[in-house]
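Following this line, the structures themselves.
First subunit A sits with subunit B, and in the next complex the same chain sits with subunit C.
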Partner chain A sequence: MTTSRQSRIAEILTRHEKPILEEWLREQLDALTARQDLISESDLRIQSAEFLGLFTSACRAGSLTDITTVEWKPVQDFLAGVSRSRALQGFSPSETATVVFSLKQPLFARLRKELGADAAALADEMWTATVLLDKLGLYTTEVFQKAREEVIKRQQLEMLELSTPVVKLWDGVLAVPLIGTLDSVRTQVVMDNLLQSIVETGSTIAIVDITGVPTVDTLVAQHLLKTVSAARLMGAQCIISGIRPQIAQTIVQLGVEFGDVVTKASLADALAHAFRLIGCTVTRQAPRA
Partner chain B sequence: MGPGRTETFPLRTDEDVLRVRQTVRIWMVEQRTFSLVEQTKMVTATSELGRNVVVHGGGGTARLELLSEGGRLGIRVTFQDQGPGIASIEQASRDGFTTGDGLGLGLGGSKRLVDDFEIASEVGKGTRVTITKWK
Partner chain C sequence: MDRIPIIKVGDFLLVSIQVDMHDRLVMSLQDDLTTQVVKARAKGVLIDISSLDVVDSFIGRMLGNMASMTRVLGAEAVVVGMRPAVATTIVELGLSLTNVRTALDVDKGMAVLRALVNPAGDEGGHGSGQN
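After this line comes the complex of A and B, so read on.
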């Protein structure tokens, strides 16, 4: 439905800004009763007043049917900020979109009062306002979604770092307990961390433990071999440990050969081997009484 | 769910390969008859062939099936792509042969890890590999 009539929304918003703001605030607070821990009433008031100001200006200056025009940029930016911070605070997408949708009630009430006598005009204006606020509401959802995805990406990166620690087991002996899937990105992180630790600690032995790697296919094997040769170039010898029986059988059938790299069933076996290599002996003493 | 169950997955990215091989693992665990070694072999073969579809075949699909034949339970995965195809299957299956920068053990290795292995390929048309593990 289109209208040749000049929309009165901007004018009505300007004239009734105060009561619309109050009613809108009440709507939002009602919708957020359980969320008052996340946002205070005074913050919500400041936010809402600012939005209403920007919204009114955009309605006055811009098209009411296209929110991608330059006049709507301030409104979009403001909503983007609100959505992003709500996404990080732990609001739900619908709670976030409610910010915009809850403006319908007070705005429609005013339209009805002002245009009640002219049914056709009222229908037109209500339609325009609905479509407009729906678009803005959906826009908050989009931004919200993107912000969440960014959070997930960042967490994945953090996990990557967290899950590839290099630990010093003994003077000159490092261990990298790998957990999860060893893709190319992970391998690069592991290699960087390991090589750096080798240099920092002057270690001569690095144990790469794959107890926590569920599937060892040829790509993982290739990544392991790459890591081993890089460590070698830095002057450290590698031991691959944590090769469980089912993995051992599988890699043998695959035809993967680790060449002259020492492999051990467990991290304990690898450490014992490392001790032999560095000339360390571990002896058991009779427990003291 | 038991025999008769089928599901088809897209294979375009590394994540898709992970999803397919994880699903194979789950289906085999759910049947309660496949040993850990059998699961590991089938999952690893799935990983190899799934990655071949992504890396060499330009993407495609993996179809998982649970079967029952003559009282035997089986799990079958069919990998299909419309990629460049393989000119010589004999050569491609040879250990160490690769046109990429892999280890060249995927085709030959997968064949050794499963009970049935079938491959059909036509240059310019695509490749289909079917593997089955029986109980």
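After this line comes the complex of A and C, so read on.
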């Protein structure tokens, strides 16, 4: 019974591949009317034809109930590729899963035509096909989700790196313009970058600019002081700059003590102070015409 | 047991830590250093830890203690060449070592010592390390 039923679906798929593909394409295009800007009809046709080919051969070779077997590997890989690329293109998960689910209608229509006389056999076949396509559909959603998570993780890393540059302002003077909230992870990254740059450039002064830090609470202040003391241990002096009036008020109201760390209102003031410390003078000349 | 050499360079003592520190080694260094500061009438001590890549709370604290002891004996101390990882560890351990002077390398450390011992640049050898 089981073997004969299996061969029926594969056989029907093989025999009616062309019309099933056409109907399936029409279904997909109907479902994706709003999305024709993201994928062209010819691309969709190539994808669908390839999937149907793989699906048919897998049905012929393997079990119809278990998609984890080796016969289904090419189908899985293909679906993974499709849904990963769709995740990056900006499709929604339901749109991606619809690709597989919309194959049901043309397949069921064929089954009804072929097995219309035998109600019991038709019901069995329909059930097998439904379970199989549901599994494949869910698999695409799973891969879709994973691809999205990868994108998010990568963006997080990029943001972390983007937001913590260390720039050399002058010979022996480094600046770290901090942008965004300082949590312990970011403090660690900032600290590592700063200390490494101090060693590489042999700088004796580091300016930590907090113009881009929206709020300074006791925790942020503690993180800042940690960075400052680590730099001091390496032999570099720290200046904290970019303290806005609002922040100055909060710092005092919270009772945060920056100790003997020099603080300045703007990066320019901090640089002027740094020049004094390293014995540099800036003179103004008559501007050139 | 091996010891960490203390080299006399002019008015200064140079301590270069080239091996991994353990508790007994650091204790013997503390003994030797205080003895040498008195014996050599040193005006400054330069501790180079550029080869040190592992510290624990004890060694971190001993670095601070050695600097303080040197100061009590009337000399100045500078710790130079701390590695980024060591600095991070010391801060994470909650040791701020605020009483320790630091410099990036031996050159800069020497400059700091000279400025400390000889603020005006012409005072000569009548520093505080005499008694």
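Quick note on the criterion: the second predicted complex is superposed on the first by the 187 of 289 C-alpha atoms of A that agree within 3 Å, B and C clash if a C-alpha of one lies under 4 Å from a C-alpha of the other, contacts with A are read in each partner's own complex, and residues count from 1 in each chain.
To be clear about the criterion, a contact is a pair of C-beta atoms (placed from the backbone, for glycine too) under 8 Å apart; a residue touches a chain by one contact, two chains touch by 3 or more.
This structure is a prediction, so every number in the text was calculated from the model and none was measured.
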item: Partner chain in contact with A:204 - subunit B first, subunit C second, else both or neither; value: second
item: Contacts of A:111 with subunit B and subunit C, given as first, second, both or neither; value: neither
item: Which of subunit B and subunit C A:196 touches, first, second, both or neither; value: second
item: Contacts of A:232 with subunit B and subunit C, given as first, second, both or neither; value: second
item: First (subunit B), second (subunit C), both or neither touched by A:129; value: neither
item: First (subunit B), second (subunit C), both or neither touched by A:221; value: first
item: Contact set on subunit A toward subunit B in their complex; value: 181, 183, 215-219, 221-222, 245-247, 249-250, 253-256
item: Partner subunit C, residues of subunit A touching it in the complex; value: 191-192, 195-196, 198-199, 202-204, 226, 229-236, 259
item: Of subunit C, residues touching subunit A in the complex; value: 79-84, 86-88, 90-92, 96-98, 100, 102-105, 108-109
item: Residues of subunit B touching subunit A in the complex; value: 14, 18, 21, 36-37, 39-41, 43-44, 47-48, 51, 95, 102-103, 105-106, 108-110, 112-113
